[in-house]
Structures are given as C-alpha cells and as structure tokens.
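Consider the two complexes below, in which chain A is the common component and chain B and chain C are the respective partners.
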Partner chain A sequence: METNSCLINVKGLCTYFYTDDGIVKAVDGVNLKIRRGETLGVVGESGCGKSVTALSIMRLIPAPPGRITRGEILYGENKEKSVDLIRLDSRGSKMRNIRGGEIAMIFQEPMISLNPVYTIGDQIIESIMVHQKVTKKEAKEHAIKMLDRVGISDPAQRVDDYPHQLSGGMRQRAIIAMALSCHPNLLIADEPTTALDVTVQAQVLELMKELQQEFGMAIMMITHNLGVIAETSDNVAVMYLGKIMEYASAHDLFHHPMHPYLQALLKSIPSIVGKGERLAMIKGTVPDPLSILRGCLFAPRCLEIKKICQSEEEPPVIEVEKGHQVKCWLYA
Partner chain B sequence: MDKQNEILLEVKNLKKYFPITRGVFRRVVGYVKAVDRVDLFIRQGETLGLVGESGCGKTTLGRSILRLIEPTDGEVWFKTGKGKKLDITKLEDREIKSLRREMRMIFQDPYASLNPRMTVMDIVGEPLIIHKVAQGKEIEDRVRTLLKIVGLNPRYMRRYPHEFSGGQRQRIGIARALALNPRLVIADEPVSALDVSVQAQVINLLENLQVQFNLTYLFIAHDLSVVYHISNRIAVMYVGKIMEVGQAEEVYQGPRHPYTEALMSAVPVIDPDVKPERILLQGDVPNPANSPSGCTFHPRCRYAKKICSQEEPPLEDIGDEHYVACHFADDFSLKGIRQF
Partner chain C sequence: MISYIIRRILYVIPLLLAVSIVCFVIIQLPPGDFLTAIESQLKSQAGLSEEESRKMVDEMRKTYGLDKSMPVQYLIWIKNIVTKGDFGYSFGYRKPAQEVIWERLKWTMIIALSAHLISTLVGLLIGIYSATHQYSLGDHLSTFLAFIGLSFPEFFTALVIMYLLVFRFRVPHVGGLSSPEYVLATWNWAKFVDFLQHFWIPVVISGVAGVARNMRVMRANLLDVFRSQYVITARAKGLKERIVLYKHAVVNALHPIIAYQGVALPYIVQGTMVTAIVLNLPTTGPAFYDALVFQDTLLAGSFLLMVTVVLVIGNLLSDLILAWIDPRIRYD
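Moving on, here comes the complex of A and B:
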C-alpha cells in the first residue's frame, strides 16, 4: 500500500474532549487509509470513537470541548498536492470547499439531518450552489436529476416536498442525493441505515453500491452492524474505546478474526445457523470513557487474558499477515 | 414447544383503529388501521416472536393486548393462574388491575422507560406497593432478590437510573416486570437500543428467566436474527395484519408468503464472500390510513395476480399450524433465509 495512492491517509489521529469531569480520549492514535473507489468499514460499539473519527476528517469537532491534539489527515492522491486537513482552518474557505464538495457526509437520522422548514429541493440546490458556479435554474435541474438517480419517483414534483412528506427511506435517499450532488471523492456514511427497516436498508445499500461504481468515489462506512460491514466493505477497522483493535480486508476479518474482542463480538450475534445455541457473551460493559485505563483497553473484559495484558504497557500493533493488523499481546 | 401445551392467550379478530379528525368539530374523516383483524394465540411457556417493519402495528398490537390502549373491537382471551378464561377487552378497570399482575411489559428504550427521579428500589418495588403484595421490610427483601435474579448487585438499589448503563437499565426494567411473578411478558423491542455485546447478555438473561419462572413471551422486534434466536413460533406482520405465523424454522426456512420471502432476503449476511440475491421491494410500506384493496401487500408483490387486488386473502392454516394469508400459499415455492 503506497502512501500516494491513498485518497485519505489518517496517521496517529488523536481527538480529545476536555470536559469538566476530565479528558475523554474519544479517538486515540487512529491510522486509516482509504483508496479511490474503495469502501472502508469502521465498526464498533457505541462510544468507540467511530463517529468522532469521521467528524475529525470533516473538521466538524465542536471546539471547545473537543480538540484534535495530534496526528495527520492527509487528503489527496498526489503526494505533492495532498493537504493535511488538520492544518487547515476549519472555518476557512479551503476547508469549506472540501467539506461537502470533495468530502461529503451522510448522517444516521434522516429526520434530524434535513431542515424541516425548507423543501428538499432547496436544500440540495443550496449545497450545489455553494460548491459550483451555476445558476439557480441549473442547480434545480441538477437536483431533480440527482433525485431521479437515487430512485425517487416523480422527482420534478418531489423536489418541492418538505422532509415530513417523505418516508424514512425516501429521506435517506434525498440525503444521499444531496451528498452526491457535487460528485465527492469521499463519502462518509455514519450509520446510514441504522434507522431504517431491513427491506429499506437493502434498497439503500444497493443504491450506494451502484452510485459508488458510477462515480468512482471512496466510501467510509461507519456502523455497528457487522452484517452491513460484511456486505459493503473492502477493508474493515474494528474500534474499541478510541483505538483500532483490528484492521484487515473484509475477507480476512470475517474468516480469520484475530482479536479476542472481535471474536467474541462475532459469536455474540444471534445467527440463523446456530439456533438453539446459547449466545456467547462479552462480560461487563464498555467502560466509562472517563475512566483511566492503561495497557490493553479490552483486558478487563477479555477471556484470553495473559499476565502481560494486565501490565501498564500498551499492546503493540502486529501485522500477522500482509494487511491484517491486530493490536493484541496474544500475537506478540 | 409441544402442541399439547395449553393456550395461554388467544387474540381473536382484534382491531385498533385510530380516528383521523379534521376541522373545528373534529369530524372523523378516516381511520388509521394500526391493527386490523388480528388472530393469534400463544401457548403456555413458549415465545412467540412478532416481526415486521416499523409502522406495521407491532407495538400497538402488544399494547392493545394489555389494554394499555383500548382496542376498537375484538377479543383477547387470557387463561389466569386460577384456570379461569377471561376476555380482557370486556373487563372492568378493577378486574384488569388484578390481571395486570399476571401480564407485564418490558419496554424498548431503557433510557425513557425508567423514571429518573426514582431510585432502583422505588422502581422495582412500585408494582409490589400498587398491588399490595408486600409491605415495609418485605419490599426491600423482594427487590434485593429480584436484582440478584437479573444479575445486578443489590448494593446499588439506592441509586438512580442515570448511574447505570443501557444494559443495566434494561435489567432494572426486567426486574420490575418480574416483581409480581407474571405468567405472560410482552417484551417490546427489549434489546434494540443495546450494543451487540450487551444485547447477547440480555437475550441470555431472558432465556434463563423463561426456564426458571416458566414465563411466556410475546417478543416484539424488528431484528430478524434476534427474533429467530429466541422464538419458538414467529408471526410476520404487515400494515396491521398478520401475514404468516408458524414454527420459527418453517417461517424462516420455508416461508409461504411472498412478504416473508422478501423480508428474509433483506437480512444482511455476515460473510463478505457470500453475495446474496436480493428481492428488492419496490416503493414504501403503504399508509395504514389508506391501505390498498385486497391483499395489502399486492402493490409490492412480485407474484401478484388479478385476484390479489380484489379479494383479501384470509389467514388460513396450510397444515401443521402454519397460517398464511395469501391466495397462492400452496402454489409458489418461495426461498427462505440463506437460500438466496
């Protein structure tokens, strides 16, 4: 994997929140690479830092209390032209052009991420006119074309509908249309199907796959649903308490899970195959992010704990196979 | 589950229509048919899973059975602990109160369903006070036992809900539901708000409690794998109506209703090398205020014929207590889960 072939290369990213109760290390030393046309899945339980990673790339971390304290987010395939997004002014024109124009994001809750007092057309037109030099009429035509492309029937009529007039699935389609209206290089999808029913989820995932092939964009798919990850992702990063525990191709990750956390997680999902069997459990819960843990963060819940796991030394990241990294003492 | 087991709950022709009103005089212009002529039964000691997409009426059905909302029409027969069969819909308020000891509910959102100003002791002990089954010191002892049963440390009984995690709160909700030794528990999306690792803990707990206390569950959820895991029988609901009911394995592996088939094909497969063949349903779930004529599923059904838009298919037993509401239940060979 050469650095210059990556569309986005996150190196050692640390995003901390300085709250009254203490420092929350929401993202703590994350490394990620996404190439053009590729889908990276980021999976983890709530509070693992997957959304904060996405918001850090978008430079949308609310400050204060949040701050990116360390790391680099190199954006751009060409090594000379690539920019470190962290060095840009988050309110500056350069970042604002990238945000929404070159890197777009779709959010989990389709009702909250649309403004209820504007029509969906207005909202798509706004994003087009911010990033492209077009007239309002052209922007509207483009908006209608995008709505048609994401499978909203009768788009010329629907463009004047308000969000409440659309169903959940339709709203998420409208949001996808908005995000893709400027042909971004990278689409960050934060739990795009979590609020949707399985049948609608299947429709939306299918649509995203089609559009990815059409536009050749990269996708960062953030979800807690391992099934969605398995269906969409080329590579997968498994996060736990702000750190990446395992990073591998989707095939390796699901066929040879290495980290005890991922192994336990996969066993704890009710499967259609093993009906009647007891579900494997991970003991305890995800620790409070304010608690200060040293060494391996998963050690208190781990079943394969060794002596070294309880030490204060952080487990190293080990490349067990080419492209398959795991952060665990078992493989050291 | 044995077919010999006696029927604990039988729902007959249950309806819940919410009126749509317009204008100053609140004139009724139509009805949202949230639950429309539902027939169901649950045997003693079994788990009946109820699945369907959001807005299909699962929750309304669950609540109508308990009369947390008044059903519009229909009968709900419940066999009490004393062996009497009662129609819940006809009971007076006082009678329903005593019956509610035997039928409890577990709610979806462990954050919204617990009163933030009450301690765990108050929350779990409240049903004991309301139904006058314990007093003073007894309440504390009973709460202590209940917390142990659901796997919480009784030391925490003076704490408030915000001091607990999502999974622990759901355990508090379960302890409260169990406080009066119920026989039927209606669990409405009890694990949907929980993380995967915690979800497994709660599912295992519910299974343990079922064996320990001989509980009967109506388990409502939209996660098809979770429902399959926990249920003996499964009912599939669509726009207020039951489309198919049968043994879990039969419904999932050999569905007889095209809607069940489409639902099964949409479940994500946790294997990146398997590329499932999807039946992508066209359009959206119809509005229950204006549901299609004939079979409610016909506009999205890929097998629909002329009769489907004209006549509503009844829910019929096609053998071995497998009920299907489709005109062509015997004609198609549909694919079940993991056969795509």
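Moving on, here comes the complex of A and C:
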C-alpha cells in the first residue's frame, strides 16, 4: 500500500478535549487509509471516537475545548500535491474549499441537520454556489437534478419545501443531495441511517452505493451497526476508546475476527437461526473517558485476559495477515 | 400567510372588548369618585353646608353620568369611544381624556421607541459578541455589566445620573425635555441641541435594562444554536464563518427577542413611570399615576385601555414577524 495511492491517509491522529474535569483522549493515535472509490467502515460503541475522527478530518473540532494534538491527515493521491489538513487554518479559504467541495459530510440526525428557516433548495444552492462558479439559476437546476437523482419525486416542487415538510427519509436524501452536489472525492457519513426506520435504512444505503459508483467517490462510513458495515464496506476499522483495535477487509473481519472485543461484539448480535439461547453480551461497561487507563484499554472487560494484558505496556499492532491488523497481546 | 394575518387580527377584537371591561371595572373598584373630593373641598374651602354641597355634587354627578350604574356607565364610555373616538372627560385636566393622552403619548412613544431600538440593537450585538467569544475577557465583562444593568432600579439610575450631571459636570438644567428658556421657543438648531441634551437621559435609563436583558437572552440562545446540528452542517458545507453566524445561527436565535418585542412596548411606556416622575418628563407615566391617585376615572381607564391596545398590537406584530422568519409557524 503506497502512500500516494491513498485519497486520505491519517497517521497517528490524536484529538484531545481539555475539559474542566480533565483531558478526554477522544482519538488517540488513529491510523486510517482510504483509497479512491473505496468504502472504509468505522465501527464502535458510542463515545469510541468515530465521530471525532471524522470531525478532525473536516477540521470541525470545536476549539476550545477540543484540539488536534498530534498526527497527520494527508489528503490527495499525488505525493507532491497532497496536503496535511492539520496544518491548514481551519477557517481559512483553503480548508473551506476542501470542506464541502472535496470532502463532504452527512450527519446522523436528518431531522435537525437542515436549517429549519430555509428551503432545502436554498440550502443545496448555497452549497453549490460556495464551491462552483455558477449563476443562481444554474445552481437551482443542478439542485433539482440532484434531488431527482437521490429519488425525491417531483423535485421541481420539492425544491421549495421547508425541511419540516419532508419525512425523515426524504430529509436524509435531501442531505445526501446537498453533500454530493459538488461531487466530492470523499463522503464522510456519520451514522447516516441510525435515525431512520429499517426499510428506509436499506433504501438509503442502496442509494449511497449507487451514487458511489456513479461519482467514483470514497466513503467513510461511520456506524455502530455491524450490519451496515457488512452491507457497505471494503475495509473496516474497529474502534474502542479512541484507538483502533482491529483493521481488516470486511471479508476477513467477519470471517476471522481476531480481537476479543470484536469477537464479543459479533456474538452479541441476535440471530434468527438457533432458538432460545441467551444473547451473549460484553461484561462491564465502557470506562469513563476521563479515567486514565494504561496498557490494553479493553483488558478490564476481556474474557481472554492474560497476565501481560494487565501490565502498563500498550499492546502492539500485529499484522496477522496482509491487511489484517489487530492490537492485542494474544497475537504477539 | 394572508389568512394567518386575518385570523390573528380577528382574534384581537373580542380580546380588546374583554380587556376594556376589566380596565373599567378595576378603575371603579376603589370607593368614592373624583367628586367626593370636590364635595369635601366645597365644604371646607367654599364654606357651604353639608346639604348644599351634596346637592351641588349630585347635580354634577348627573351632568357627567356618574349617578348611573357601572354597566351603563361602561356602555356609554365604550359607545362614545367606538362611535366618536371620545374617551370621556378628564376632571383633573378639565379637558377630554384623549387630548391629555395624545399630547403625552407622542413624547412617550418617541422616548420608548428610541430606548427600545437602541436596547435591542446594542443588546443583540453585545450578545453575539459574547457568544462568539465565550469565556473571553470581553464576554465576562459584558456579563458583569449586564448583571449590574439588570439589578439597578431605573429610578435610582436616574437619580445617580442627575446627581452626577448637576454636581460633577455642572450642567445648568436637568429633567424634563428642554431647558426653561427654550420651552416656549420655536424649533431651531439651538433648541434641538438642548432637546438632545435632555433626551438622552431617559433613553439611556430605559434602555440599559433592555440592553442587559437582550444581551443575556441572545448569548444563551446563540450558544444553544451553535451546538445544533444544522450549524455544523453549514460549516461542513465550507461556508465562511461570518455566513454561518449571521445566516444560519443568528436567525434561529432571534425568536425570544422578537417574542419579547410584543410585551416590551407597554412595559417601556408604563414601566418607566417612576423614572418619568423623577425626571419630570411630559410622558403618560406621571399623568397615569395622577389619574389613579385622584380617581380621574375616565382618564385612568383610557390610559389602561391605551396600554393594552399597544400590548395587543405589539404581540400581533411580533407574531407576524416570527411567522415571517420561521416557516414552521406559518403552517400551523
């Protein structure tokens, strides 16, 4: 895997939040690579740092209290032309052109992701006109075309609707239309289907896959739902407390889960075959993010714990197969 | 939208009728009337016997219709208002009540609207500054000053300002709206300058509390809106921070400020009564106070009615403005 073949290459990213109660290491040494046209799934429980990773790439971490303390986020496939997003001024024109224009992001809650006082058309047009030199009329035509493309019926009428006049699924489609209106290279989707009901979830995922092929963009799919990962992703990063525990292709991840955390997660998914068994669950709860843990972060909840796991030494990242990495003492 | 406006205006009519009844009843509640005072004056100062003075006063009661029952008096009063615009006779000023009100209402409205406009604009700007510079020195300073501005009673501020002007800055004349030598002069440049020298005092005093209030409300709301998803979406589109702030955040933080406009007008008209007495201003406040003390029934009732009309109109306007900026209200 050459550096220059990656659209985005995150190296050793650390994003900390300096709160009154202490430092929260929301993202602590994360490495990620996404190639053009590929989908990377990022999966983990609430508070594991998935969204903070995404917001760090977008340079939208609220500061204060948040700050990117270390690492690189290299954007661009060409080694000479790639830029480290961390070194850009987060409010400067260079970052603003990338944000929304080349890297777009959609969020979890379609009900509150659109500004209630403007029509969806206004909001899509605004997005187009920031990044492209077009007249308002052309932008509106493009907006209608995008709405049509994401499967909103009667788009010429709907373009003048306010967000509260659309259903949740429709709003998420409108948000996708808005995010893709500038043909970004990378779409970061932060739990895009979590707030939708199941049938709509499937439709939206299907739509995203279609659009990915059409526009040739990469997707970073953030979710806590392993089903969504299986459905969409090429590669997967499993996160726990700000660190990546396992990194593999989706196929390897589901067929040969390595990390005890991932194994436990997969066991805790209810299955429709097999009868009357008690559902397995992971013992304990996610530790307080303010608590200072050393060594393996999962050790207190791990069923396969060894002596070394309780030491203060951090487990190494082991490449067990090509492209399949796991951060666990069991494989050292 | 038009049907919404018409519906809102139609609601106002029964409301005003009900309010006028309440006003009239409240004014009539204390025992006796203006003529009771005249009666004792006739006895003590004109030296008439008890029988003579009662006879004279009874005749006057008949002339002014004060011998009739309360509902009949109300009907006559309201009939004259609706058909002739006649608010009845002020015993205290010995002229029609509407004349007393109009000549004072002009100055009241000029002072109230200026104070209101300034307090809204300045309050909003400081509030926006405070919210965008949360926990900075400027934020702490304006929060502290707002606290002081809200806690000082207005009449006390008025006394302090008058004291400082007279004893520190040796201003020859304070109070009222012009110096004695200009009272009868026709309007010219010198009179205008003199007027401004008097005018700013009530405006600043009535404005200070409003500035403090608007600033606090705006700061709190804007901070809330800043955390909302659609503001993050707007940033993720790559918009300039200025556009995110004014186009997406401020518009959604204005609701309580606009809703307050409806109540603010009568509050400023009537609420600065004590200040107006301290500063000896020719506004409605002191006249209303006198009318209540001397049981100048119809004048007091007319004042009350006037204030409620201002309140109702203010509320109507603020509702219409809200419906104009927020589509969700229009479709209710």
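Here, the second predicted complex is superposed on the first by the 331 of 332 C-alpha atoms of A that agree within 3 Å, B and C clash if a C-alpha of one lies under 4 Å from a C-alpha of the other, contacts with A are read in each partner's own complex, and residues count from 1 in each chain.
Operating definition for what follows: contacts are C-beta pairs under 8 Å (C-beta built on N, C-alpha and C of every residue); 3 or more make two chains touch, one makes a residue touch a chain.
Not measured: the values here are computed from a predicted model.
When both complexes are overlaid on chain A, the residue A:Arg91 reaches chain C alone and has no touch with chain B.
Look at A:Glu72: by the touch rule set out above, it reaches neither chain B nor chain C. In the overlay built on the shared chain, the residue A:Glu314 is in contact with neither chain B nor chain C. Residue contacts after overlaying the shared chain place A:Ser127 against chain C, while chain B stays out of touching range. Within the superposed three-chain model, A:Glu141 lies out of touch with both chain B and chain C [touch as defined at top]. Counting the residues of chain A touched by each of chain B and chain C gives the higher count for B.
Residue ranges of chain A in contact with chain C, taken from their complex: 58, 60, 91, 96-101, 104-105, 107, 109, 112-117, 126-127, 130-131, 162, 164-165, 175, 178.
Only residues 53-54, 165, 167-168, 195-201, 203-204, 207, 222, 224-226, 228-230, 248-249, 252, 262-263, 265-273, 278, 280-281, 284-285, 337-338 of chain B touch chain A when the two sit together in their complex. In the complex of the two chains, the chain C residues touching chain A come out as 228-230, 232-241, 248, 251-252, 325-328, 331. On the chain A side of its complex with chain B, the touching residues are 45-46, 167-170, 197-203, 206, 224-228, 230-231, 233, 250-251, 253-255, 264-266, 268-273, 275, 278-282, 285-286.
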